[in-house]
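One chain, subunit A, appears in both complexes that follow, with subunit B as partner in the first and subunit C in the second.
The block that comes next holds the complex of A and B.
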């Protein structure tokens, strides 16, 4: 792994960010109840207790997505990752977790590690994941059975791999947004936010 | 929606949106993998499901105007409540900053009251601000964040009365939130309770070896988890008792150090809350949502840096004659001034309901009480 105690390379940054998304997506699926709690197992990561799915199909799906994402992160061709939560019955988009990814493409030209410790990066990631957990206290209850989709915004000219297809943005009609903290590896910066359907009825 | 349309056009000009294709194992529309609602919803709904059957189960406080027997005095509004928040400036997105200074924006301006979800209420004994036709003021999220950073203060104003039980819920949920966000617990209270149940069920049948080692397979110190949960449950129970006996205008959470000089100090100030009951009060679950959303936006509690484990002490201001037995009176206690106090101020604005605002009552008969149990943090 191309991470040193004192510096970080493009490859290492891609790995760290991909790892964040793996745990972050699992956290969202757990916290929002998209999958039953008993299908998750608790692990320690970033010095905190996190939930990882044990559902084989979901694990496989996420592994494929994250693996591809890591490549795109390394290539600096990915711009956003979005977790879309929809009502199973109506297909209405209820929640949208958007992670904007900025990549410093100069890192592709230089192999010199950037001076930021993994510990510092992981601390920033930890505070983002704590915030994901904290959103449960105010996000509207998802009262119907829900499904989720993962959307990735890539550069326009990127060749779409075989197992992927183009999609619409799946925005929420009449949404409310809250921004979470961001974190940066100095090569990749990830800004997080959650949009949810307004709950007013009048 | 116009803004959304513009965004789509902009995005499509520069990027492609893709998603992983469907496989035979998943649904025939997309890569959607879905399941029914799960247990964790039960945990999640703990905060708000009580709205469905909400009533004053704890409060023994009568409205002084209707009963002469009540020991407890109403909490009256401050005169200067209007200065707290009325800003309705247009919201503009601001640039995001580094982790510690991340700014917040809200894309859509909205009526804060509208985000109080109208949960089905079987009793119909309480109202939403929506059904009453009253709209709460929405504070610019950036202003909330700025005030939290510069003044260490978060103001939440509700457009009506809060039940005594509601006030208790605010404090209890805030305590759980502070302990988790300040890294005194590795997981949320609800997760700890769930884990405890799982472990209890497991030890009913097997796992003698794990029990001996004191650690779960994931490395969690079972005993410390149990201890912290027990301590926290005791504090919460004592708080409920106190709230059943007295108005509690202020509560302090003191982390680390001593009660004279804690390491961190958080105050829940409810001096400006108008306490009500039944039809005259707002739904607690909806108020909780607004409270925590505001707290979230303020980003008052989260920290990128590691916070060391500490012991948390709870102090509460109660009526000197309330007769509480758990909490101990501390006549000589003074709120520490040498440590930065982060204040979560909760208030009622009765002007929106057409009620008269009363002057703040003197808290001369109120003294500080200390919870008999402290909560020791643990990390895993």
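The block that comes next holds the complex of A and C.
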């Protein structure tokens, strides 16, 4: 693994961030109950136990998205990744998890690896995922069956690959926003926040 | 069928009271179909009957804002122009008139951010900077019929006392026992219910046995030194022997029938907070984080040690098949150790901090019982594995420290810092067959 060597390369950084998203999205799907808890299995990552889905179709879908995301991270053309949770019946957007990605464009394939220990990055990732888990305590309950979608904001001039379509931002009207922690690999910086529909009762 | 259409057409034409379909629409219809607007442009000057100042002038330049709206006002019926004079129109009109003489050229730099702002508001994001993509294909939804059961987990609605008609869970304890001087310490395991239907409780430096069948109480042991205290009690599988862990780092083995101490095993460096039996092997864990295995049959009892925890071990339990030992510690780690000596831990993982002070598995109805502290001081029964709440047992006035299940699995005993032991007869089963203790009771502490 290139990660065991000192320093972070562009490729290594892209892999780290893509891996984070893979586990982060799975955590969100599990915590918010989008899929039944029985379809998840526990794995150990970042020194904590996380949930990964075992559903084949979902796994396939996520793998496709993450591998494409990794390419875009390597090219530094991706700006945001958004997990949109909508009510199945009314198609109303209930929750929106937005991860802003800032890429240091000066880092190229051949430039020298940056100094930052993998452990420190993993610590930061761990606190972000812990925070995602903790948000369950204040997010409003999702009472209806929900569907989710993954949106990726890329540079305007990017060539759209097959199977990918353009979409709107799917914003929530009347939303409450909570900013969460961020982590950085010195090449990519990922900021997270969650927006949810303001409930009338609170 | 086309001849019907021809016939219909002829009939329509010949009827004089039908609407004319092919002619240009009448003026009044035209006017009625255009939308309302607040702008005052382009009226037919001939027909204006009004005397309103606002409508007689058409300003030369419209501000950018209004270019999106339509221009003709509308009214219902009639050919006459009737102005709609609402306040907005008058305000706008007077503004337009007053500003008409001012220079109205706008430099490109001021329109650009404005347009950009509009674009961002309309589209939701800046379309010059980015585009949004998502992976097409069939939507992936949860299987039909899946209900998001987080609501059941997290809602605070008080649960009904009895769920099924055939089963009644009493909301009051069957019995309350006094437990004075019980040490209010999360990490100690001061209560255990043995096979012979004896409940052993450690109170300060005494160990009492309460016979659940007969109701009488026996003082089994009193420690000599008043500053020391009992830390854990655990019944052996057959209920004849009681292991007692103390704060002076010893593990004592007592024969209950004769009320004699059989042996005292030392070796720990700190208080022995947890004990768990596996046939003839007794596992003991202490504040030091070390877990010792003792073979109680031989003189040299200490056969193995599991190290790994960095802080006090709060819970210890053997799997029902006797192959694995699970231990939970104050360092937020849970370890699984295999039975074969010499090997390292099979699994270990980090747990989140929970407010649960103890857990007991109740096999009769496939339920899990948890004792809580913090604000609730309740004992909660959950359906397993769906983790839906079955009942909440209230009554304790302070945090629940320990739970123990009776040998016939019908009652759960909870001891709390309010110095009482409450017995809740919640799992009464009609079936005659008693569940086997060894294969179904798992007792854990999770900090």
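As a working rule, the second predicted complex is superposed on the first by the 194 of 202 C-alpha atoms of A that agree within 3 Å, B and C clash if a C-alpha of one lies under 4 Å from a C-alpha of the other, contacts with A are read in each partner's own complex, and residues count from 1 in each chain.
In the analysis below, contacts are C-beta pairs under 8 Å (C-beta built on N, C-alpha and C of every residue); 3 or more make two chains touch, one makes a residue touch a chain.
Computed from a prediction, not measured in an experiment: that's the story for all the values here.
**Q** After aligning the two structures on subunit A, examine subunit B and subunit C and state clash or fit.
**A** clash
**Q** After superposition on the shared chain, which partner residues are touched by A:44: those of subunit B (first), subunit C (second), both, or neither?
**A** Both: A:44 reaches subunit B and subunit C.
**Q** Which partner does A:178 contact after superposing on A: first (subunit B), second (subunit C), both, neither?
**A** first
**Q** Answer with first, second, both or neither: which of subunit B and subunit C does A:199 touch in the superposed model?
**A** First partner only.
**Q** With both complexes overlaid on chain A, does A:154 touch subunit B (first), subunit C (second), both or neither?
**A** both
**Q** For A:163, is the partner it touches subunit B (first), subunit C (second), both, or none of the two (neither)?
**A** In the superposition, A:163 touches subunit B and subunit C alike.
**Q** Considering only touches as defined above, state whether A:34 meets subunit B (first), subunit C (second), both or neither.
**A** both
**Q** Just which bits of subunit A does subunit B share with subunit C as contact spots?
**A** 32-36, 38, 42, 44, 47-49, 57-58, 61, 64-65, 68, 79-80, 88, 130, 133, 136, 141-156, 158, 160, 163-169, 171
**Q** Sort out for me which residues of subunit A touch subunit C in the complex.
**A** Per the stated touch rule, the residues are 32-36, 38, 42, 44, 47-49, 57-58, 61, 64-65, 68, 79-80, 88, 130, 133, 136, 141-156, 158, 160, 163-171.
**Q** Could you list, by residue number, the parts of subunit B that touch subunit A in their complex?
**A** Those residues of subunit B that touch subunit A are 1, 4, 7-8, 11, 13-21, 25-27, 30-41, 43-45, 47-48, 96-99, 102-108, 110-111, 113-119, 130-131, 141, 173, 177, 180-181, 183, 186-188, 191, 194-195, 216, 218-220, 288-293, 296-297, 299, 302-306, 379-380.
**Q** Along subunit C, where are the residues that touch subunit A in the complex?
**A** Contacts found on subunit C: 123-125, 127-137, 139-143, 146-151, 154-155, 349-352, 385.
**Q** Can you check the complex and tell me which residues of subunit A touch subunit B?
**A** 30-39, 41-44, 47-49, 57-58, 61, 64-65, 68, 79-80, 86, 88, 120, 123-124, 126-128, 130-131, 133-138, 140-156, 158, 160, 162-169, 171, 173-184, 191, 195, 198-202
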